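Each structure below is given as structure tokens.
Across the two complexes that follow, chain A remains constant while its partner is chain B and subsequently chain C.
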Partner chain A sequence: MSNYIIETKDLWMQFGSKVALKNLNLCIEAGGIHSIVGSNGAGKSTLFKLLLGVNTPSHGETYILGQNSQKLRPQDRGYIGFVNEEHTLPEWMQVTTLITMEKSFYPKWNDSIYKQVIGNFNVENNQKINQLSRGERAGVNLASALAKRPKVLILDEPTLGLDVVAKQAFLESLLFTEKNEDCTIIYCSHQMDEIERVTDQLIIMEQGELVSASTPESFCEKIHYWVVDYLDKVPESHLIPGFLQQRNIEGEIHYMVIDQDSSLKELFIKLGAQSAFHSEVSLHQAVNGFLSRNHHKPNAEEKTETSHV
Partner chain B sequence: MFKLFTCEWLRIYKTIVIATLVHFLILGLLINFGFFNSDSIGFKMSLVLFYSGCGFLLGITQIKKYTKPNQWAYYINRPISPKTIYLALFLAAMTAIVMVIVIPFFIVTLLLDSLNKEIIDLRHYHQLFYILGVTLSFYLLACYTTLSQTTSSFLLIMVILLPIISINMGGSVYWLLFGVISVLFIMVNSIIKVLLNGQPNGVLNRLITTIAYQYSLYFIITALFFMLSEVVLDISYKKRDQSQEQTFNSNRYRDIIFFNKQDTLITGLYTENNQHQDLIEEIKLGQTDRIRKRIWFQPTQQQLPFMDENKTIINDSDNQVAWQFSHDLMLFVGKNTNSRKVIGYLGPDKSFLDVDDINNNQVFASVPWVSWVSKNQIVVKNKIYQYQYSQQSFRLLFSASDDEFLLNILQSQGSIKTIISNKNIYVFDSIDYDNDIIPLQEQLVIPLSDDYNNLWDVQVTEVIDRFIISFLYGKSTRHDIYNAEQLVYEFTLSGDLILLNKRKLEHSPSMLIKDLGYLLSPVWKLALDYFPLHPSRDRYLEQRPQVKKLPQSTITTLILLAIFYASFSYILSKNRNLTTSRKLIWVALNTITGLPGILSFILLNPKKNTLELKKFHTEKQNGAQNV
Partner chain C sequence: MIQIVTGDARPIFKQIVDGIRMQVITGKLPVGSKLPSVRGLSMQLTVNTNTVAKAYTELLSHGLVESRKGLGLFVIKPKQILNEQEREDRLETAVDTLINETIGLDFNNDEIMHMVQSKLVQLYDKKTK
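Then we have the complex of A and B:
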């Protein structure tokens, strides 16, 4: 029996010749909001399906609530909430009928949580699900998922396609629950502003592999932003230690590097820089820079042609 | 579960209401145009297939909706088992089938019964269970194919077609249908789990799925081989020289069955020294007739209406009465064709005005078979009755012994009349019939020298002062216990019977593949040959105790094939994600189940996908740095 609420061991997932997850070893402790980010095809949704047991791994094991995902009993599933980006609900039902049905499955159903969360959305009880807007649907989905009082709630891009107001209501509901309920939330999104606001732990996945797991603050501390003005030729990127990304903006080279201290300025000067300034990065910039390190490594010729951003 | 059932019901109730109304409309049209209770077996089959299609469509649309990845994750991720979820869906579907198909059919049947529009027996109500069963079995097949997400699952259609094509089953068809539904339900239930990969869980479930697959594959493979052999035969037949002399010399059964009736008879007289040449010339001048078998299956009481070969109705237009047989009463019920009112009842010996006046000895002992050629003759097992229009009653034309059953009504061949039974051909003088000397007394009895199932055709020709009759055997290939031969006799009405010629015929190549079943799968061949049918309809019952003795060459081939099947299964199992014990069970099983066993093994056990993992482990072993 594992102490982690979610754990994967040597996890591989292959679809034909395509590898979706590659030797993933991930441990998530109970409590808090854990955000999983990564570019498209990083394997996030595949991971969730494996955690829920609806897919079987090519190799390795997944555990959720200490149970092997492949051997989850119905009573274990009662403690797992799942909200996907489509906000799947039986759209032919009225909200009130749906909630009555859901209540019947969950003895620990908490009506006050449901009312509290649904209060943030403008939903009438007698409305049919297919008459609800995307935001309202997301509200019903989240409210019912939280009212079940799950021990772990998996949210797979839940705010995709929501307007600002709905997104705000959704996040507030999430934060309210996290504070008041003993629930671990696994949150997957491409919206860095949302993640910055709610997350306790940031997990970054890339091409099926786990590449970083830390708090957002410590992750941001590792990423540095330098604006360098070269007198002459821009040096090749492999000469910059911890290089992640570079951009040419109005003649100045903007670097993003990882795990470097202020001594990097001396190196820039050595490489022919006229000036080099260090600045802080937002989580959005840090993650973006981090994820683009494999995609954006221009050579010396390309650098001069890089379009201004 | 009830809540999920309600949820599903809420989803489909509008469609159900519309479909029910449409079904009522269709049934109304069928009654209006006289198709409901039609005597056309093609129509009845089409109706059953239509309901089957509805069941299949329901299954596909229902399960596809829930097995979309996000939908599945939504429904499955709750504290109830997937089997309970499916049970709710299944019950909703069954309710839908009852509402849309069974209830309208029942109401229409009840209406026809109470309005006396048709003779409605208990079997017409039994039909409702049959329709429900067939529709449900197609629904379950659709569920299975959708849930297993494999194209090969469509092969199982062979299993559910069995209760539809088995019109020779009689009452046993209910048990067969029940068996098919049970097997399919178990199969669906065994793959309904969180992980939809089509793999059944549990040893018994795996066994049942394997049996269903192998049964289907065995039938498909043997049918393909048979069709292929027929194509080869047709090609070789077309290439043969069609000259007259060679045709009459032919000793190939396959050639002779395509001859016209006179040529067939003449071929039966062929000898090397042409000793019957004069007789052949005589035959060429005369007219040759056939004695035909018409009753393929003896009708059974309360058999499903769609199993009726033709409608048991005698139309007496002189008296404006239609006599239709009732399985409930075992009597013909007469209705006035204008008023539709019941005017009386007809037993084998006399007619009655009131059904209460009839005792059990006055009804028919078996269900009659009414000829579509001569609508006033009926065959009741070993007896032929003729309807008398003037008296509105039956008279006994002929009665064979009790252990026989007749295969047709009285047939006319010039100056003689004949009746064929499963054991004899009875020959009568036409003058007796014309002079109304009834019951008919046979002039001659010609015993069938081989099983009647093996009899392809009988030809008879009248020549000067005698008759020539030819029997062509070789029709049945079952059990390989029948000969292919031709026997020609001459007979007179004074009772003389002389065998003129007997020719052994060559079995065609399709007969040579008679051991193919054993070679493909010894277990399946034996299991299906000895599958119990309804005793009254099992045409091969008499032959069953004769277990076929296989030739030494076939036994040797069987042993070699068993070794091949076992080795091939072992090689295949290496590339499958199976435990050692399961691999060994498969190898052992495929040794006796043969080709269907191997194919089912391939279909039910997908190949391992280890390409990238292997690379990774190789890298790891080489000390490469990983994540």
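Then we have the complex of A and C:
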């Protein structure tokens, strides 16, 4: 049993020789919007499949709504919503037929919520699913998920491939539709601008492990950007405490460091800098900088932009 | 209208606090006017309502707005809630930032002071209009 809305205990998941999740201990409290970010292959989708009981863990346990995922009963499933990027729906059905079918399976279905959300998207009831655009399908999925009044709603890259208008409609619906008092949303996305707008808690996963869980602001505050002008030789990166990454831009070294304060300036001077200035970073930069810290950075001239979020 | 941008070094709630402060200072939100509801502003900006709530809490703690039961938040004349030392510290921090930002740009002291003076004059002009 678990007191959290979502919990994993010593969770391991292995596919053959590939370890997808490593000793994951995650606790998510009820309420609010929790975002999970990480590079591709971080294990996010694997985690969701385990939480929903689609797969069985190699080791450890997952709990959702206080129930072990492997022992979810139909009544538990009635409180769990899931929307992913594929927006899989029966292609041949008319929208109206699909909704009638959904309604019959979910006695708690709230039709005014369905209508409120679907109204943000340009969907006609008599259209067949295969006639809908990607954005319209996302709308049907979200409207249907919210109408079921879930206690937990998991969204796995739901806005992937959506145009600007559909994305906006999706975010507005997600943020401003009346939800259950205790509806918890788990939002998984690579789009940092969306994460920044919606999230209460930022969870970062990397290669199957949990590496950070905090508010987005506290995460950003830990990471600083330094621009350092060295008189002569550029020191080895291992001499810089909290080193995440560095780039050589027009002769100056741009660093990202973690958990350091402004006194780092003195160290840079000691290492031969004639000037060193630091500034704060955006959420996008912070996450990007943090996630690319173990990657080899090529030399100044061959430097290419890498983006991992 | 307050604008917020994602990808800025300032978190969204700080941008909202700064935006409202600016509106109060420039008279766009005069003393006595009502702030939009938390939900209303969230919908306007398309951000989590908790983010707006956080901004409003900060405005309350700075004494820039007050809560009137059942009605909402209203702009008030700022109360003196900081003691002398805290005010001094805030001023010093702000000046440090200014110097930090401009020192690499080769201005002389007079040029920097001139810019500060003219900005203050502009601000008071707007206030009295």
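One rule holds for everything that comes next: the second predicted complex is superposed on the first by the 289 of 309 C-alpha atoms of A that agree within 3 Å, B and C clash if a C-alpha of one lies under 4 Å from a C-alpha of the other, contacts with A are read in each partner's own complex, and residues count from 1 in each chain.
We adopt the following convention: a contact is a pair of C-beta atoms (placed from the backbone, for glycine too) under 8 Å apart; a residue touches a chain by one contact, two chains touch by 3 or more.
No experiment lies behind these values; they were computed from the predicted model shown.
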Superposed partners chain B and chain C on chain A - clash or fit: fit
Arrangement angle, chain B at one end, chain C at the other, chain A at the vertex (C-alpha, nearest 10°): 160
Contacts of A:V19 with chain B and chain C, given as first, second, both or neither: first
Touching partner for A:Q70 - first (chain B), second (chain C), both, neither: first
Touching partner for A:F105 - first (chain B), second (chain C), both, neither: first
Which superposed partner A:S58 touches (first chain B, second chain C, both, neither): first
Which superposed partner A:N122 touches (first chain B, second chain C, both, neither): neither
Per-residue contact with chain A, leading partner among chain C and chain B: B
Contacts of A:R197 with chain B and chain C, given as first, second, both or neither: second
First (chain B), second (chain C), both or neither touched by A:S214: neither
Minimum C-alpha separation between chain B and chain C after superposing on chain A, in Å: 27
Chain C to chain A touching residues, read off their complex: 6-13, 39, 42-43, 46-51, 100, 104
In the complex with chain C, residue positions of chain A that touch it: 32-33, 168, 171-172, 175-176, 192-193, 196-200, 216-217, 220, 275, 277, 279-284
Contact footprint of chain A on chain B as seen in their complex: 3-4, 6-7, 10-11, 69-74, 76-81, 194-197, 609-613, 616, 626-627
Residue ranges of chain A in contact with chain B within the complex: 12, 14, 16-17, 19, 22-25, 49, 52-56, 58-59, 70, 72, 74-75, 77-78, 80-82, 84, 86, 88-90, 92-93, 97, 100-101, 104-106, 209-210
